[in-house]
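Several structures are given next for inspection.
Common to both upcoming complexes is subunit A, partnered first by subunit B, then by subunit C.
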Partner chain A sequence: MADSSRTNKRSSVEGEAQDSKRIKTNGDEKYNPYLAHLNEDNGNYSNSPLDKMHRHNTTALEASRAEDSDLNPWTGRRHSENYFKILKTRRDLPVHKQRQEFLDMYHSTQILVFVGETGSGKTTQIPQYVLYDELPQTHGKLIACTQPRRVAAMSVAQRVANELDVQLGEEVGYSIRFENRTGPKTLLKYMTDGQLLREAMHDPEMSRYSCIILDEAHERTLATDILMALLKEIAQRRSDLKIIVMSATLDAQKFQTYFSLRKEDPPAPLLAVPGRTFPVEIFYTPEPERDYVEAAVRTVLQIHAVEPEGDILLFLTGEEEIEDACRRISLEVDDMVRESDAGPMSIYPLYGTLPPHQQQKIFDKAPEPLKKGGRPGRKCIVATNIAETSLTIDGIVYVVDPGFSKQKIYNPRSRVESLLVSPISKASAQQRAGRAGRTRPGKCFRLYTEKAFKKELIEQTYPEILRSNLSNTILELKKLGIEDLVHFDFMDPPAPETMMRALEELNYLACLDDDGNLTRLGSMASEFPLDPGLAVMLISSPEFYCSNEILSITSLLSVPSIWIRPNNNRKRADEMKAQFAHPDGDHLTLLNAYHAYKGAEQNGEDVKNWCHEHFLSFRHLSSADNVRAQLKRIMEVNEIELISTPFQNKDYYTNIRRALLAGFFMQVAMRESSNSKVYKTVKDDQLVLIHPSTSVTNTYDWVVYNEFVLTTKQYIRTITNIRPEWLLEIAPVYYDVDSFEKGEIKSALVRLNEKVRRRQAMKGGR
Partner chain B sequence: MVPPKEDHDDDNNNLDFEDAYDDIPLQHKRPFGAGLHKQRITFVPASDTHLKSVDDAPASKPPTDIADLYLSLVLPTESGGGKQKEDSTPPEEPTQTSAEMPCPICKLPVSDVDREEHEASFAHQVCLPHSHPPSALDRTRMGLNYLATHGWDPDSRKGLGFEQQGIQYPIKAKVKDNKLGLGIEIPKGIPPPKEREKLLDAKQVRKMVAKDKRKAERLHKELFGDNKLEKYLGL
Partner chain C sequence: MGLAGAKNKRRLGNDPNNTKWSRNTESFGQRMLRSQGWEPGQYLGAKDASHTEYHSEASTSHIRVVLKDDMLGLGAKRNNGDECTGLDAFQHLLGRLNGKSEEVLETEKRERDNLKLNLYLDRKVGTIRFVPGGFLVGDVVKDKLDEDAANSSDGTARDVSKESREDSTETESVEKKSKKRKAERDDTDRDEEKARKKEKKTKRRNTDSEAETDSASSKDKKKEKKERKSKKRNADSDKGDAEPTTSSKSSSKRKKDKEQAADESSDDAKKAKKEKKKLKKQKKERKEKRRKDRAVSESGSESLENSSKETKPRKEDKTPADSSVSTPSGSGYLTPVTTSTRYLARSRFIAQKKMAFADTAALNQIFMIKS
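Right, the complex of A and B next:
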């Protein structure tokens, strides 16, 4: 092969690449393990359609010819009929027309910014184009394509495996947190951005990859932002690593300038592919609306009454609002059908916590007319902003946009991360409008004035890095060996106060020393795909003789809530939950439920049915089980003992409660006064209530909580009763009385110290 | 159910729909959200139709804009030559403007004659180099120490990042606990909508009646209980 000399040079440059399973190519094709299967199946390697193609020197024509051939070049098997059917549709995608242009640019540059609107086919096609150009089987380095969401990574990988006519998990695989479906043959790997970041911790040069594609970079997730900064650095050291940054918005300039590696370099080249979109007419209200939910409902009904056929997409902010709107719309539509011969309408809610089979319903066809020749039916989807970019629903012609969405925001002063309803950005509004033009010209109704659009909305949604608690991120960066966080080249650097808070939190957890260097504990904590608090709790749990139990609790806290509370059966659900309730805390209740679930499993019961009867989510319990197995493996690798206190021992639950504090001593609240229900969080002085979902009936003076929920009121959720003496014992630095501001908590701690001292003196006297 | 009201349904252009809706006799009104679809929401088409969120060329308006606006307000007579003068000192002859040179510090045009006056002006003073008050961050914090050792100065009014281009302060959150639409402004001075009168249950009604009764009795006793009043009136 002509480029084998280049391959040789490359492998000598990074000869120290770690992955021992992968045997680097020596230029001698006979020894290449990636072609072994070809030889078996075919007996003759030279028949492969890829034979005459040369890495980084292929053309679209060559690739098409390889795709058209009877033999699958990746497996050596014959192409199925279905393959050619899919191939035909693939060739219709807008991105296909620019395949040659893409290859030319790809060959000429190291970093490429690629802009294609949703529906251009970029997520599925570009990695395949790269695959046919990189020819990974010749040099053993993979192609990675990152996605912000787990679901996307899985479904796209499946789709691409079908398109290439290979088995998912073989040549094409995916890797997400707690689930890895790749094998030794894998050439193209879809993964979440967070997963690639975790891999980078063990392979700081990303030496397993020859090309990394960052998809949906416009979403600016925390992990994508860090990956961009990291890849920018790596690209300067590794000139053979190619990077493609894919974005769906027109704001590509920022990426281009960011990715000019050196100051004097020109901005990274850009390739834009037009999406398959139709014009969208935009309407505003002449006056601001008093109640955006009601206005939204009325607009939907109005569209149903007067506009021609086409489905409706309504954006609202949260589950409650969406369910409420759905109810109101369906009541009114019933009226309209009865009174004025309107067509039928099916209404589907869509939000993140909806179970997948219900989410799938949005892809159902719109209903048929009620009678022959009657007015056509339509569907109306009431969604959160997950329908903005991540999910594409065909057939949407009308979009109703009230201009709000729930956004995460972090306040480093009170250390509260909360989801708040906030105005969207202009970019977001345009993205929403664009959803109307996917199948034919559409209309977007904005429930605000044009003036408000121009004046009230910010240009771009703030990237996640500016809105999050960074302690996890900082720990990862430290593990990646970044010394100087001040000058680290973030695209949008976080506020200094946010960074300071994260450093201090890690310092209190003993993951960083006072100079900000990673400690052994910190290094170990970063091995776990968990928040630092949870990781530290898990690592120190053997000291409390309950690592098995803490492992279970950690897994249960890492999955969505296992409790199911259907609206029409709340009472029964609460009764069932009370069966598992532990008087001392929700963490222990969780553990009880898990133990009961495992018990039912061991007794050979039908677990699904058992879960249904006990109002527990089978899906989340089994995923907690999976998470537990994964974490257990990491613990074993790090030689963390798995031990339990015997259940008969009276300290069984006490030990667990104490172990919780090892990671969560910064999330403790004290009751304000003996007859109040209001708690005050330690050091942050936030007044909070205990979330009504708790199974604890007693009111305790001191509690440790898992999360802070800010809705109309401030709540703490998942709480467990603790004794304040433990705080002084387990986290003496954090609970150093001198560091507290004057107040009830300080005086309580002073009294406590006094008590402890007296008790010790008495013991000493005896 | 309710027969369609002819007088409402065929009148699509009726803007006062809500009023018309109020005319429906009470017994025909449905309790919840009924007739929502008949209350139209008007829409106006967008003046700018293309779906672009970001301007190709970021509008970099000349900084004189606001000054022009200000001058056009304070000096309405000099509408043409508003730019030439910045001070609200008595207007001088336009011939003098040619001698004006921009001040090296505040870049405002100034003539030699009123230099002293100009240097005392607020606009000039603001442009003079000056120091900012130090940051309020607690200097003993471990996080601050770390950032400081790596070259971030809390008093420099700069953010983090390669060129210290990052944001200075965390993004503020605003809790929205109502359903008010985007861009609506509740004019001040108008009291919030009155809450509907609460319906009382039997127990509360009984209590209230008893309380009223006691009050009436006391009043009655005060007025008619003794004969002081009658005595006073000389009856």
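Right, the complex of A and C next:
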């Protein structure tokens, strides 16, 4: 380029006067970065420092120069003061030192594995480095960066928009399940991995993107796993698509091997950036603990008493346990403060279902000493394993790790997916310990012996794909056009039984035909971001004249429980719930509560207050409302009718109960005998009890249930009474008597068949 | 499980694992997979992919977990009622019947007596706390042994690609530590230690140095009222010491040796036994033996694991509120505050308050009312 050297000089040397002139020209010409490539040889537009850079041939120096220029190369506007401030901190990040190295590798390979610990700046910086290299405005293809969590996608996008000095939603945007904040100008897009997967269903070649960055790949979410396999396949067809897999931990080798496209290829190249971490001293207990919560509480107190300043992070397994521990710690700390001169300590719980404003509190400063010169205060965060990788809290110096977390487990034989407390993995224990070394050297107290660490913990946490019901995933894969599921290139293939179960469920739901092909129903069901059962129920609800109601129930079932039952006010909460109770089932109770909520909203009441009075969760109700709106939109697109049976009609509730069966006929239980409280699930023959949270007081012989809960006993939760005749009518294939094993259920069905036949014969005879 | 154990009745169905389903070769799922070339016993996933070496067993069958319905910490085993208590009085007799030498029996007896004495003293007059004041090495008192150097070895900025190696450095440093501890123990003058111990009733503290003194002290007879606890601990730490250096196999061998000693008292075994005994509380020993006997049929290593895990007494019987001890920041084992004494002190405090409220004279005094 002829004038490149001139521009160069200008951007670095030129003074204010010329700058202002340039801006003026800019304004006149309506500089548009999207059209820049049309004018590549036209000197008039060369004032953007990007013009002299060539895609896939840039250097860190060029990019830095572009970043340093007074004009924002992406918008053509002047950089704000703040921009340069942020730029300076960005240049201090560990990744920055290796920018050139990164670019060199990026240019030389199609798939790159990038390892950088949390704190290296990879999530915010790498996509920008790619942006300055891909120069998406020249060819119109976007850069995507996936995140496992919605919150991360949103907050990182905001951060990067600030760093680039652009508006969020314009050049930098994000897209998550129920929210899309991108525009026509968007060049860099953060999104959840699930969202990219959904996009892939409609764009199997991912043709909108020139580079896809999979961040936090070490978390191995279901969607990331599928995306990796998918991208690996696409990469072989589309040589122009670049892929970066970013991981924070160890098993980089596994990623490298996996991403050698053909067997004879060498492993994908790896670039590692050291994080900014300090040493963490690790302590084990000399002997196993009797009660890990008790031990954890004591450890926290002990740290508070004797260790120097620094915040504490304690890992526990679930909401109840965390709240309990918080209570105990704060009681004891109060005592300590009263009886000796211990410093103040603020204690914050942290778990997924906590309202956001309370989650924010963990970033508050530790309390000041009680008196001047007194012992320093500290904060103690009691968290689930969300604090393990996803969230960085500065100031943590002590980590207390009892070695447990709640993990999802799926058993394809009993078809139960449940969250169970189980030992963590070694990798995750190291990750937890690492949290102590973010700001200065820290300590990690493990409440187990070193022997237990070595012998009882598995090496790596099992990826989600091995722990989940796959029916939704299989449906997505089918929709993506993957025919050969057996040889689909999973990084960790799921157990064959799990896949069999998924296929079988989809077949019964009529999402797959008997040859394993996607049916129309299945294709439609895959449009919904729901489990296939729920989706099928929703799609077939118009046949039962109650799609409005089923839509509401579906939304309510896809958010966390709307019932609040505070420990100190259980009785009152139960009374309030009883107001909404429907004798026939919990699904209907949910619906009643939702209708009451909408009623209160329409009456112009203060809904928040109303919810509080009625012990309902405003947050979850309103998010159900939001989900409902989204699902409604999808239904409209798919031309699914929205209808209701008139409320006065005696079949109003009957229709709803029947419609439930259309999606949940595989989740039915029959009472064992007339005076027993034990139910037996159909086909899988698991003995279950009805969860005590139910509002149903009668005992019915047949119930449909929403979930199977495994605690000390096996429970079914959210149940509704059904009539067995409906089963034969709605799901004749599943309830084909011949497919049942001998037992109470089979004989009940045989009797039922007999009855139905007789009734029909009578009708016919008449 | 003993008869007195908590009963946990649970009804199981005829086929809780639903093998009926998994054996059914006619199911739709199985048909589909077979039609695409899958054979039972094979992994799913790409054919001869290079990453198959990384597949775990969870890719063959679903993950099985044990339902956890208690608060037991990692590695702790439930007391199934097969460990009896109150056999102290018979230890001597039983020991003789088991063919232990008089000498050994004597030491065991002394240990028991010490424990009793300490417990008594603890109950009667309480304990005094001491603050660690460093180690006298030659003529100089050192705050800490040069453990920091060892620890910092894993402290270098972590290079992720080396992460796995790092694990080993971590354990290495632990190893170093424990070795040092051992060495330390040997070095310290025993008498001096003993004397110190006697007046000290040292309680467990957070610091390494503390742990060291403890383990050192453990070698001597336990005088501490904390005895029980610390002994256990010592035993444990002893085991810990041995572990990194010797393979688990060898340690299991050690155990077996012990067992032999019980029967035939071979020279070698006796020696090992003695060493152990010094370190271990008698109760524990008893337990171990029982366990061992039980485990003979099982593999040696397994029994070892059990034994170390089952060490009974908890932190709770550990004594005083360590929290009030000011310890140097370089820490070792963090010993949680013992609740018992905390509660003890607190309940005493509450009782005093109550008494004061009940007593009008005292109340008047408190509120400065002249009667």
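Keep in mind that, in the parts below, the second predicted complex is superposed on the first by the 722 of 766 C-alpha atoms of A that agree within 3 Å, B and C clash if a C-alpha of one lies under 4 Å from a C-alpha of the other, contacts with A are read in each partner's own complex, and residues count from 1 in each chain.
Here is the rule we use: a contact is a pair of C-beta atoms (placed from the backbone, for glycine too) under 8 Å apart; a residue touches a chain by one contact, two chains touch by 3 or more.
Keep in mind the model is a prediction, meaning the values are calculated, not measured.
Trainee: Putting subunit B and subunit C on the same copy of subunit A, do they fit or clash?
Mentor: Here subunit B and subunit C cannot both sit on subunit A without a clash.
Trainee: By the touch definition at the top of the document, which applies to A:Ala295: first (subunit B), second (subunit C), both, or neither?
Mentor: In the superposed model, A:Ala295 contacts both subunit B and subunit C.
Trainee: Which partner chains sit in contact with A:Ala272 here, subunit B, subunit C, both or neither? Use first/second/both/neither.
Mentor: Touch partner of A:Ala272: subunit C, not subunit B.
Trainee: If you tally the residues of subunit A touched by each partner, is the higher count for subunit B or for subunit C?
Mentor: The partner with more contacted residues on subunit A is C.
Trainee: Looking at A:Pro441 after the superposition, I want to know if it touches subunit B, subunit C, both of them or none. Which is it: first, second, both, neither?
Mentor: Touch status of A:Pro441: second partner only.
Trainee: Once chain A of both complexes is superposed, is A:Tyr715 in touch with subunit B (first), subunit C (second), both, or neither?
Mentor: neither
Trainee: According to the stated criteria, A:Arg338 is in contact with first (subunit B), second (subunit C), both, or neither; which is it?
Mentor: first
Trainee: Contacts for A:Trp610 in the overlay, against subunit B (first) and subunit C (second): which applies, first, second, both or neither?
Mentor: Neither partner.
Trainee: In the overlay, answer first, second, both or neither for which of subunit B and subunit C A:Ile303 touches.
Mentor: A:Ile303: touches subunit C, not subunit B.
Trainee: After superposition on the shared chain, which partner residues are touched by A:Tyr700: those of subunit B (first), subunit C (second), both, or neither?
Mentor: Neither partner.
Trainee: Who does A:Gly116 touch here: subunit B (first), subunit C (second), both, or neither?
Mentor: second
Trainee: Applying the stated clash rule to the superposed structures, which of 19-27, 235-243 or 361-369 from subunit C runs into subunit B?
Mentor: Clashing stretch of subunit C against subunit B: 19-27.
Trainee: By the touch definition above, which subunit A residues appear in both interfaces, subunit B in one complex and subunit C in the other?
Mentor: 249-251, 279-286, 288-295, 298-299, 301-302, 304-305, 335-336, 339-340, 402-404, 409-413, 420-423, 426, 430, 434, 445, 447-452, 455-456, 460, 462, 466-467, 484-490, 492-504, 507, 514, 516, 710, 712
Trainee: Can you tell me which positions in subunit A touch subunit C when the two form their complex?
Mentor: Residues 115-117, 248-252, 254, 257-258, 260, 263, 270, 272, 274-295, 298-299, 301-308, 335-336, 339-340, 342, 402-404, 407, 409-414, 420-423, 426, 430, 434, 441, 443, 445, 447-452, 455-457, 460, 462, 466-467, 484-504, 507-508, 514, 516, 678, 680, 683-687, 710-713, 741 of subunit A touch subunit C in their complex.
Trainee: Under the definition above, what is the set of subunit C residues touching subunit A in their complex?
Mentor: So the residues of subunit C in touch with subunit A come to 10-22, 27-30, 32-33, 35-38, 40, 42-51, 53-56, 58-63, 65-69, 71-77, 151-152, 154-161, 163-164, 167, 170-171, 174, 206, 232-233, 236-237, 240, 243, 305, 308-309, 311, 314-316, 322-327, 329, 331-337, 339, 346, 349.
Trainee: Of all residues in subunit A, which touch subunit B in the complex?
Mentor: Going through subunit A, the ones touching subunit B are 249-251, 279-286, 288-295, 297-299, 301-302, 304-305, 328, 331-332, 335-336, 338-340, 402-404, 409-413, 418, 420-423, 425-427, 429-431, 433-434, 437, 445, 447-452, 455-456, 459-460, 462, 466-467, 483-490, 492-504, 507, 514-516, 710, 712.
Trainee: Quick one: which bits of subunit B touch subunit A in the complex? Just the residue numbers, please.
Mentor: Counting only subunit B, the residues touching subunit A are 1, 4, 9, 32-37, 39-47, 49, 51-54, 137, 141-147, 149-152, 154, 159-162, 165-177, 179-185.
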